[in-house]
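Each of the two complexes below includes chain A, the first together with chain B, the second together with chain C.
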Partner chain A sequence: MPFKLPPATKPVLRAQLSSRPANGHTAFIPQVRKLVFEYSEKWPSSSRTRTYLNNHLEELARTNPHVEVVVQQKNHREPIVRGFYLNGRDKVISLKEFEVTQIQQKVQLLLDSSGAKIKPLKRRIIESSTESARGIWSGLHVPELYKI
Partner chain B sequence: MGYVHKRLASTAAKLAVSPSSARAFPPPDAISNPRAFDPETYAALQPPPASSLTALAHRLGLGRVLSPTEVQQACTHPSFVTLYQKHYPNEAKPATNGNLSTVGNSLLGLFASEYLNASYPHLPLRVLKAAVSAYVGAKTCASIATEIGATPLLRWHRTTATPLKPALLLPDALSSIPRSIVALVYQHRSLPITRQFVHDLFLSREVDLRAFIKFRDPKKALKETVAKFERERPVSRLLAETGRFSNSPVFVVGIYSGADQLGEGFGTSLKMAEFRAAEDSLHRLYLTRTPPEQLRLPSSTFSPSPSDLYTYKPPKGSKLEYVAGELGMEEIEYASGGRTGLVTPPSS
Partner chain C sequence: MQWQRSMFNLLKFRGVCQAAARALHTQPSSAASALALIRSQPNQYVIASLAGRKYLLAPRDLLTVPRLNDVRVGDVLALSEIHEFGSREFTLRGDPLIPQDAVKVAATVVEHTKGKMEVIVKKKRRKGYVKTIKHKQPYTRLRIGSIDVALPDQV
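Moving on, here comes the complex of A and B:
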């Protein structure tokens, strides 16, 4: 009489299966989705921001069609640029008293960023989601067994 | 006051609504009947600005292929229509992605199955089906929709479970967006281009197929597989060891069929090392992968244009010519098919 054994491994439920992203392996999806410029109409700290918005913003929007560009007037406030990213975070940079070239640098910084939090470089441990290409060294797989 | 403004800004950013593109702002309902006005429902009913729709298209590299109206259609789930008609009964029904989602789903299944079958000819059928679900299933499509930034553009209406229909949740609605986009690419361009798009967006993602191939008794499964391939019976040999009788031994066992090594495994006990070696051998068989340059897909015989659908023949010797790959050895019966888990004790 046949009896049923319990499953040796957990059953694979197909509706719960998913894959991990590999952005950039073939196609690259830029991570910045929206840039919001806030400026004041009268205050002098926003004057170069206003110049930038009048002269350079349209070209920026044309060369970066994947980014929504929004301009908001916020009187009695310092000028800022806020970048929204696909991971749900946003980065805010104040443009108070910035020259036009400096504003361009900050905008380019936002466009190049991924939105991830800035991690300290010195305490980082190496993390990888894929196996190493050459394999990890093993003392048992050398011609002479490695003796500690 | 600052907190209220921040909440408002974050909600507005999530819903991708801008007052400049709304019909009449502030909405007359809010002024005439403020108690019955729900701002979240109002925000959910407004269309997203065209700039966000074109931005999504350009993010996917489809800026010249899709118009904003089509992107909006791809992001509108059929459940949205009831909500929309309840509040705007005199306006035309919004275009939804129900049909597009079905076509896209079929195309995804086609491309994923042919790619996986051609890449892994020896993969067992159940594992192949699981792999297809992992690459283009509902959960993956929902993650892709969030990763491309379509969540604030999605227009849908959550429905609870009724006796006739299951509940509609956010991942189900989100998964319709990438499928509809695939269908739109197929409509505007051709099958080969859609296949390239699917390979770039879906099939380049990481899935560990070893997690789907598990055995109750890999030694027994290996013995039967080796017999089927008509090779010498598998013999396990201890290749290296260290620390026997200590609290952290390491044994490395290799399984050989004659002079050929089938697999290698490590473990803290001899039995565990042999188990892993047998598993490794079976993985090396089932997960043999065709190199990408030798890959030939059946859908390459489809014509790039619909005019010569039945008469198209790809040029001889080109990469598009389809040469059928080798058929994998049929799977062993052990713990597979309809007799999963059933073991008949030996009759004495």
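Moving on, here comes the complex of A and C:
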């Protein structure tokens, strides 16, 4: 077998060239990009949605300039608000028979979210991609060797 | 200069043999040099308390705490209760806190979410009492920014 020389330059492994996501570390990019309101013109389940769209939508769009706000008329359908996020997912909330204050709460929920799937967060306190600063203890690198 | 003197009294040192020998030469003479020692190492961590609980934080971490209602998505918070600031071989512990001029850590609010739906069933036997409660705990997620250490000339 011919002897293989090691490469002259250190090979660049492509995995180490990828970046670790850290939205908010230096710059924060809001994750919600579009809100679509669908309502019916005649049906009574949409009546408060229509009131909300007439009275509160403009202010919502003005206070959230990063969000694209779209209004669609969908007759013979229940009212809906759909939020689109930068990770490609969308969240749909039905506004059937909702009062104006309830609609405001649901819209705020969509604006606050990041679009990630709902997962159990009770145990997930810190999610870190950095190695620990103090390193991992080793029984061989200690003044007296650790005996099991 | 008050905080420098008080911090110097509290410098805690730990490390392996080699570091011990090395550090006997480099035992810091002032708090500012202690900070510089920690700063010179590649990675640092901070133990800070937020919402009444202590967390061990490093830059770029995503911290999940129970919902903070006074805060909006995108706001930047300065951590005001920092108990410890350390690196691989050295730690600086505050009494009980490290002054904010010395070490600054910022956290950005990334989102307000809710956890998974929990179904709690309450039942009493032989009494016909069964109650089902559906609950989603609200949380706030924060991204920890870089740790800013005061330089000796800045004090």
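The working rule: the second predicted complex is superposed on the first by the 111 of 148 C-alpha atoms of A that agree within 3 Å, B and C clash if a C-alpha of one lies under 4 Å from a C-alpha of the other, contacts with A are read in each partner's own complex, and residues count from 1 in each chain.
Everything below uses one rule, namely that a contact is a pair of C-beta atoms (placed from the backbone, for glycine too) under 8 Å apart; a residue touches a chain by one contact, two chains touch by 3 or more.
Since the structure is predicted, the reported quantities are computational estimates derived from the model, not experimental observations.
Once the two complexes are laid over each other on the shared chain, residue contacts for A:I126 go to chain C alone; chain B is not touched. Contacts of A:P65 after superposition: chain B is touched, whereas chain C is not reached.
Touch criterion met: A:I118 reaches chain C, while chain B stays clear of it. Using the contact criterion defined above for the overlaid structures, shared-chain residue A:S18 touches chain B, although it does not reach chain C.
In the superposed model, A:I136 lies in contact with neither chain B nor chain C. In the superposed model, A:T26 makes contact with both chain B and chain C. Common to the chain B and chain C interfaces on chain A are residues 20, 22-23, 25-26, 30, 129-130, 141. Listed in rising order, the residues of chain A touching chain B in the complex are 2-9, 12, 14-23, 25-27, 29-30, 33-34, 65-70, 84, 86, 90, 129-130, 139-141, 145. Contact residues of chain C toward chain A in the complex are 16-17, 41, 43-45, 55-65, 73-74, 86-88, 108-117, 136-137, 139, 141-146.
Residue ranges on chain B touching chain A, taken from their complex, read 13, 18, 49, 51-52, 54-55, 58-61, 63, 129-130, 133-135, 137-140, 143-144, 146-149, 199-202, 204-207, 212, 214-217, 239-242, 250, 252, 266, 341-345.
Taken together, the chain A residues at the contact with chain C in this complex read 20, 22-26, 28, 30-31, 111-114, 116, 118-122, 124-135, 141-143.
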